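Got some structures for you, see below.
Two complexes follow with subunit A in common, the first pairing it with subunit B and the second with subunit C.
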Partner chain A sequence: MIRLPLVIGGLIVLALVAMAASAGWIFPDDPMTMVAEPLLWPGQDPAFPLGTDSLGRDIAAGIFHGARASLAIGFISSSAALALGTLVGAVAGYRGGRVDDGLMRISELFQAIPQFMLIIVLLVIFRPSVATIILAISIVGWPAIARLVRAEFIVLREREFVQSCRVIGMSGPAIMLTQILPNALPVLIVSGTIQVATAILMEAALSFLGLGDPNLLTWGGMIGMGRDQLREAWFVVAVPGLALLITALGLNLLGDGLNDLLDPRGRRA
Partner chain B sequence: MTPRARRIARFLARRLAQGVALLLCIAVLDFALLHAVPGDAADAIAGEAGTADPGYVATLRHQLGLDQPLPVQLGLYLGRLAQGNFGYSFRYGQSVASLILERLPATLLLMAASIGFAVAASLVLGTLSARFANRWPDRLITLVTLFFYATPLFWFGLMAIVLFGVHLGWLPTGGMYDVARPRTGLAFALDVARHLVLPAFTQACFFLAIYTRLVRTSMLQAYGSDYVRFARAKGVGELRIALRHVLRNALTPLVTMVGLNLGTLLGGAVLTETVFSWPGIGRLMYDAVFQRDVNLLLSILVLGSVIVIVANLLVDMLYAALTPAVELR
Partner chain C sequence: MTPLLSVRDLSCRYETRDGPLWAVRDVDLDVMPGETVGLVGESGCGKSTLARCIVGLTPASGGSIRLDGEELLTRRGPSLAQRRQMQFVFQDPFASLNPRRRVEALIREPLDVHRIGTPAERTRRARELMERVGLHPDWGRRFPHEFSGGQRQRIGIARALALSPRLIICDEPVSALDVSVQAQVVNLLDALQRELGVAYLFISHDLALVEIFAQRVAVMYQGRIVEQGSSAEIWRNPSHPFTRTLIEAIPIPRVDQRSF
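Let's look at the complex of A and B:
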């Protein structure tokens, strides 16, 4: 049986990783420097297949180097959110009681606060840099994952294999780590993949608003810069946006595909 | 009072209490963030007013209660917020509260239009998808929603400007009404509506994708359920089944999801309003970022949370009307 979403999504993500890895090799020069006359249309000069922006920078070089920034920020912030969310969600779901109440209150709080606005405020106060951007995105990302893991642990803790572990005297942390967590992995992998897409789109939106790391060339930043020439040279905005769209699409397809692959019971409709 | 009315009243009262508690937490968080900024409010105000006179700063500090211990300051801060006093913006020359209230209607209009569009379109698309499950209309709709879900909102808006505003010239691309030719009455309303189309559609796309999938799933579940089979066996007409049994059951998860998404929607308004120069609180926030006006930013964050909480209460009322009373918890 062909799993089309999984294959397409996987290929897109692989291509992105290859782009990010080869960026320094294919485009060894700093992508922020001027290399040609400004606003060359794609195809106008074969040396610059995707054209140049208003400062004469090579857009193709920006796309390759931007893939690096997007993937790194998306992957690191999602890993952080996943780690914290799993820890809190696992304890809350397995133990219940106070921890659980606390978690539910916190995640309600994060649902009431417009998250993107909170990130903006955090970045204005603590100044945008790669570290603060990653931190801010993971701070708003973890509660949703914690809720998901909690739900999974609440179901799994009642299962027979877990109860038999309790009967033979296995400790709580050991049960959570060696018995329940492996069974909750499919949920974690799928939501982690989707979270990477969300984080990449969020970082792009922040860079677009001028809240990106000033020393980093990102797709969102390229869109923000190109906005001023939107009427005459829309390709400056279109190209990095397409890169974002394809990236998010690839990660979502991969997540959907993994969901089908890892869900033997076929719970989805 | 009927038992059902009593149950609903109790449910709404509990939700109201939860909302107030949440608001208090947000205000405390806000206070903590305000204190994370280097320098205090007195420095900031003196800086904005363009003086660095130590005497003036000391007086201000005393007036604002900044020489008091932290818990007292927190109490004073919460008291001020409760009175709707968010401070004064020197840059705009008016109080922050009036500044935000002035921009609020534009944002509420944009939110209402985009939610309304996303819900209406998702009901149509989701129903089509469920009726033609796994046939080509379903596959086409799934593909479109997949793209909508993955498209960066601000980029979609910019591309819509290029296509509909610049190349086709069908729709205005910025602002809320034609400033050059101000209109009145019905003509003004039509003008605003024309300006609303692109921002509302841009803002709605992402949610349209989520809601369509949700409607499709719950429609499929409802059509496969025993009560629909039973209704058919009784001889109830297809239209009545669709409206009375299937749609009603599909609406409940949709209403819950809309409530959960309100915060995301308001956050997205920062981007939409920036792209389309829509004069709401999102655009105000973008301007405040550039001026590094932390007090204004935090005030917008608090009021944004208030909007989400109040709107959620409205959603709860809708939910209470749709759900059998026994299930209200």
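Let's look at the complex of A and C:
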């Protein structure tokens, strides 16, 4: 059976990883340096296939190096959000009662504030850098994952195979880790993939607003810097915009595809 | 002889919107070493709750449960050493095995938790147990979904046997199986009892099955045990109206049940 979304999503993500890995090798120079006339159109000069921006920087180099920054920020912040969200959700769902109440009130505290506003506030306090951007995106990302994991643990905790482990005397942490978590893994993989896309878009939005790391070239930053020339040189915004669109699409397709693939109902029962 | 399991005044209450609901109320029940006690009653009468209270899956509201004279209803629940003495066979052989673990790992799990023997010894014991319950030991690498209901219940029984318990609580172990498979599983339980001297608390809503398999029977109705005695006695001379209803509800003529 051909799983088209999974294949397309997987190929897009693979291509991105390849771009990020080869960036320093295909474009060894700093992508922030001016290398040509400003605002060369794509195709105008074969040396700069995607043109140059208003400061004469190579857009193709920016896309490749930007892929590196986007993927790094996306993956690290999602991993952190996933780790914290899973820990909190697992404990809350398995223990229940007051522990659950307490942990869920804390997560609601984060969810009550609009996500993007919370990130901006955090960055204004901490000053934007790669580390603080990753931290801020993780902080707003974990509550949603915690809720998802919690729901999964509440369902699985009541299943007979979990209870049969309680009867043999298995400890709570061992049950969570060896019995419930493997069965909750599909949910984690899928939400983790979507979270990477969300994180990349958030970072782009931050860079667009000028809250990105000033020493790092990212797609969002490129869009932000190109917006003044939107009417005369729209490609400066369109090229990184397209890269973002394809990335988000690819990650979402991959997440959806994995969801279908890992859904136990879709497998032989 | 002192009872292996001794339940006294056990109650289990659920709080509902309409006030407390007594799932189990003032239950007294004894299981002697090596014997089978059948616990029968209609669905919802509290027999599963009683079983779950005994192994600590459901908190009891009051009373006492003693295993070998030692109290199980402590704040921390049954100790590891106590758990080793009593195991549980679940009703649903599809839900009670982790779908992501291989059969050998499932049977080894109790030994791993209790740290009995070296890993190699545990694997050997798991293979022995598979053979004992009528499964090919080479099937250990397979996943539960590759087995039929009856085979899965055998896996569940092997898992319960791994710790060599003295008491196995069987919560409707055959009601999810075909009638022909039911007989095989009950025969297996019977053979294991002869061989290992394990005691069973056998829960069922099928009085005909219990009558053959159990030496003593307790009849439960609306959370209470309304009648208790030897199987033959209860069959011949049911004193509680509910027991009579249960016996009358058996559709097959008695001669046919001898084929078990």
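We take it that the second predicted complex is superposed on the first by the 265 of 269 C-alpha atoms of A that agree within 3 Å, B and C clash if a C-alpha of one lies under 4 Å from a C-alpha of the other, contacts with A are read in each partner's own complex, and residues count from 1 in each chain.
To be clear about the criterion, contacts are C-beta pairs under 8 Å (C-beta built on N, C-alpha and C of every residue); 3 or more make two chains touch, one makes a residue touch a chain.
Owing to the predicted nature of the structure, the values given are computational and were not obtained by experimental measurement.
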Message: For A:161, using the defined touch cut-off, is the partner it touches subunit B, subunit C, both, or neither? Pick first, second, both or neither.
response: second
Field: Which of subunit B and subunit C A:112 touches, first, second, both or neither
entry: first
- prompt: After superposition on the shared chain, which partner residues are touched by A:18: those of subunit B (first), subunit C (second), both, or neither?
  reply: neither
Message: With both complexes overlaid on chain A, does A:244 touch subunit B (first), subunit C (second), both or neither?
response: first
- request: Report for A:7: first if it touches subunit B alone, second if subunit C alone, otherwise both or neither.
  value: neither
- prompt: Where does A:32 make contact in the superposed view: on subunit B (first), on subunit C (second), on both, or on neither?
  reply: neither
Message: For A:252 in the superposed arrangement: first (subunit B), second (subunit C), both or neither?
response: first
- prompt: Thinking of the overlay built on chain A, is A:234 touched by subunit B (first), by subunit C (second), by both, or by neither?
  reply: first
Statement: In this superposition, the partner of subunit A with more touched residues, subunit B or subunit C, is B
Task: Check subunit A for residues that touch subunit B in one structure and subunit C in the other, and list them.
output: 269
Field: In the complex, subunit A residues that touch subunit C
entry: 159-170, 174, 179, 182-183, 264, 268-269
Message: Per the contact definition, I'd like the list of subunit C residues that touch subunit A in the complex.
response: 55-57, 78, 80, 83-84, 87-88, 90-92, 95-100, 109-110, 113-114, 145, 156, 159, 163
Message: If we count contacts the way the header does, which residues on subunit B are in touch with subunit A in the complex?
response: 18, 22, 25-26, 29, 33, 36-37, 146-147, 149-155, 158-159, 161-162, 166, 216-217, 220-221, 260, 263-264, 266-268, 270-271, 274, 285-286, 289-290, 292, 294, 297-298, 300-301, 304-305, 308-309, 312
Message: Which stretch or stretches of subunit A touch subunit B in the complex?
response: 105, 108-109, 111-118, 120-122, 124-126, 197, 201, 204-205, 208-211, 220, 223, 227, 230-231, 234, 237-238, 241, 244-245, 248-249, 252-253, 269
